């Protein structure tokens, strides 16, 4: 049996000493305040055993990691109808590039780039009675933790500086691929991204993706087909234009956020969350990527 | 235990009756002569049990499927040094688009698009003593079948009409990313693609990728890390700009060719080859894609 | 001496009978209401003789034609400093494509595509005391006609449906190339485009560009160098991705608008305005383009 | 009357002292051998008066300047039928970019980018009895100078290193827009570009474009419409992605070559050739561009 605790302790020790920690995101002012010395890992295996080290219980802004949760909620509401409005191909482009939208008539490349996640947000705004409340409740239920909340300061900060997201939403609107108001959809989207969670909570929330759609409390949220599809999207699209590299070096479905968090999972085996705020040139947590590479190398396990 | 034979028989029966069979590739004159009524599947599981139906023992032109074999051989020769000359990101573009080469200074997006495979061919031309002979021997040894051969007529046909590949090779040369002569490299490349194999042989050749680098005769060809890397490339880049769709619907690493063949595999479980010459709009075997989707749906298995 | 009246009468007679009149713009609801049977020409020569036919004194929405007037006003205010924020190269792209903005770090290709005109609008909003009032006064003075006004209904209509312009402005803002608020700049921009003028008024306004910067009342607005520069921009960028075609077939600097108007000029000789609301596939007045081609062919005159 | 000699002398004196002379092209080895201290101007006015200074009678490789001469010859042979195979829009892209070819199905953007000039070369190879001999004769006749010749060393040098042109020709072939063999067309094209001429000879050859199609010996080569069209193409496309800048700063139709030559003309007034081998970042003669800007500024003349 794999000794996850020893592996994680070794990785934690190495990462804490690392000099080259990447650069904390500064385009959202609130995020820029976080210290790059933070580092935490939390791993839960299929038997719900927990292994962790470092700042694994300190909350941070999950940002784009939330896109997987909103996608999952959308799947439960409209299933494959999502695919009428967003494709599932890797973008091959930096995370904030709008050009493909124009070449492809307003259909975002996949639901994990910003334009695609805004379309998913639009679906939730249409389908949910009280979108922000209901989405938050979904995350709290998945995690079995009613303390999880939006970080209003981060949401406001993002709204004031989110010009690229406004550009994307307006472009979608011009192609008829946004049903609700730009402001309403982006207000939801900025809140969704602002949710604060720690590594332990994230592994609880993502437990369903490694456990055939069933959460830690044995409630079934997704069909097997939906889990397969969401994991496939994470593997091919979860890391902006570094998705191929992540699949190549790590070999797990996962999703990163500019807050420095990454969640990844090995179906049937474990779910893991890492946090280190410094980002590499592609916008993914630098030490987080290295930690996950070490984890799969040391444990000799991957989906491949 | 999964009853693969029953599943395969059902799929075969459905596919044989399908009216919408796609369109046989006509850009290589020799390939256009193949009847679109052909259909075969061969599956070998980890215990080397074989399951098959239809024209599974009729040879066809493996075309781009050969790119995975040349990539594997290159890994055994220079390992990760390949990555100095070709990236591992999905292209997000049709299979024959050269534009990314220009935006990215002559570094092909990945080794499974034509430009990337030509770079891999260039590496083999440099590293092998007698490139065509040695590559063919590698395929024969993997398959344990000394009758496998180039189809010289197909190679000549492709040489006479392969203007896009000449364009790609010259463009690579202009960026200094082709070390040997354009003619020499393309002669090797056209031969490599012309190899004729049937579904049974293909599953034998690709057995190493589902069996941790070890072939059916228990010889180790690749390290575990190399297998992980090649499978990751197949999953993210194996189906041109339909790679995301294939991962989403099928959930297996695999590779298609314009001859109508597709090979896919579930690590540790099985390796499967399908052949149906009619292609869909993206250039992948239409019935082949459908057959593999049915296989993973019916067997409730995928890497996710 | 060229008999402009006879040429114009002939063109008018031909165009009025034309069956294939293009398609009236429908993306701004207010514009869609205009009848495609309208057709007018007005030509003024360097001696201020006037020649006209058809609906040459009926006002229409000048739309993008206004971009040349705002550019001229910006040149009088900050001269070549404009070039720090917008380039002068043809875009080679449809008029509303944002992709180049991203590849070129927020510097629009030229001041006559929407993104470039929005940057010019931003400059005017910064430099003018009361931007809308002052710009309107500039147009009234050039034309010596104090009745010219914004069409508030058109401005409102465009504001409600101008998602691509909102996308462009937000993208510019994200690159730091918009100094004022998105709403403020676009409010100015939509008003600028909504100005209603007839062909006669347009030739008066554009008289300065054919008369070395001096208007009909002998007031000097632009230096010779500024006139040269603005005319060069009109010739290379005045007709979206049909600019080359217009230079090739007509050979005059000019500017079109989706309201169906086109103004063109032969330096030192004449200034001409045509109006026909039906547009060709490139978004330029179909009959307007044909009329100007006939004019230069019949008069054996062009800048070349 | 404009005192061209004084203006040219002043420009020559300034340019000879310039420290920042750009960089001599090194991608064709033969061209790299030319000294960057060379500088010459030759201007001929409509009365056939000649004004010159510096190395104006020293031959250099005209390179892309030849594209205008081959285009003119093609116009005399097939007139507007050229337009079935090449467009007349500015490319908005660096001179050697192939990407637009792919997005536009093998129709080059205009006849002055390499791909477009290769299509024109293909037309000449089809239409002329002995293409190289006949084209050379055309240039000799225009110039009234039977000593003008190909530089075989330059042609060979370009053939050996012209991988991008091979890529372009093969890409055209793959789209069916090259009727003759790649080798035959490129052999003609490399010879065409290798012609050696001095500034004086170039102004004689381009005299027809400023003189309504009539050469210095009063022979008519082109119709007025053809001259208009060729001049329009030079203005909008003659300087790669610096065409807008040249129109903006200089305001004349013209064409540059990587040999450091530029020819430009003011219809009805003069034709001028400049030579200075150092190129700017866009691939145009650095001092040549500055000299022509000074010429139009000092003479207060341009087409605008």
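To keep things simple, chains are lettered A, B, C and D as they appear, and every chain counts its residues starting from 1.
One rule holds in what follows: a contact is a pair of C-beta atoms (placed from the backbone, for glycine too) under 8 Å apart; a residue touches a chain by one contact, two chains touch by 3 or more.
If you want to know which protein each chain is, UniProt gives these names: A, B, C, D = Glutaminase.
As the structure is a computational prediction, the values presented were derived from the model and not from experiment.
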item: Far-end chain from chain A, centres as C-alpha averages; value: D
item: Rounded Å distance, chain A centre to chain D centre (Cα mean); value: 55
item: Chain A and chain B: spacing of chain centres that average the CA atoms, whole Å; value: 32
item: Inter-centroid spacing, chain C versus chain A (mean Cα positions, whole Å); value: 47
item: Residue list for chain C, restricted to those that touch at least two other chains; value: none
item: Pairwise touch network: line, ring, star, complete, or other; value: ring
item: Pairwise chain contacts, counting only pairs that touch as defined; value: A-B, A-C, B-D, C-D
item: Touch list for chain D against partner chain C, complex; value: 87-93, 100, 109-110, 224-225, 227-229, 231-233, 235-237, 241-245, 247-249, 251, 253, 267, 296-297, 300, 302-304
item: Chain A residues touching chain C - in the complex, by the definition given at the top; value: 97-99, 102-103, 163-164, 166-168, 170-171, 173-174, 182
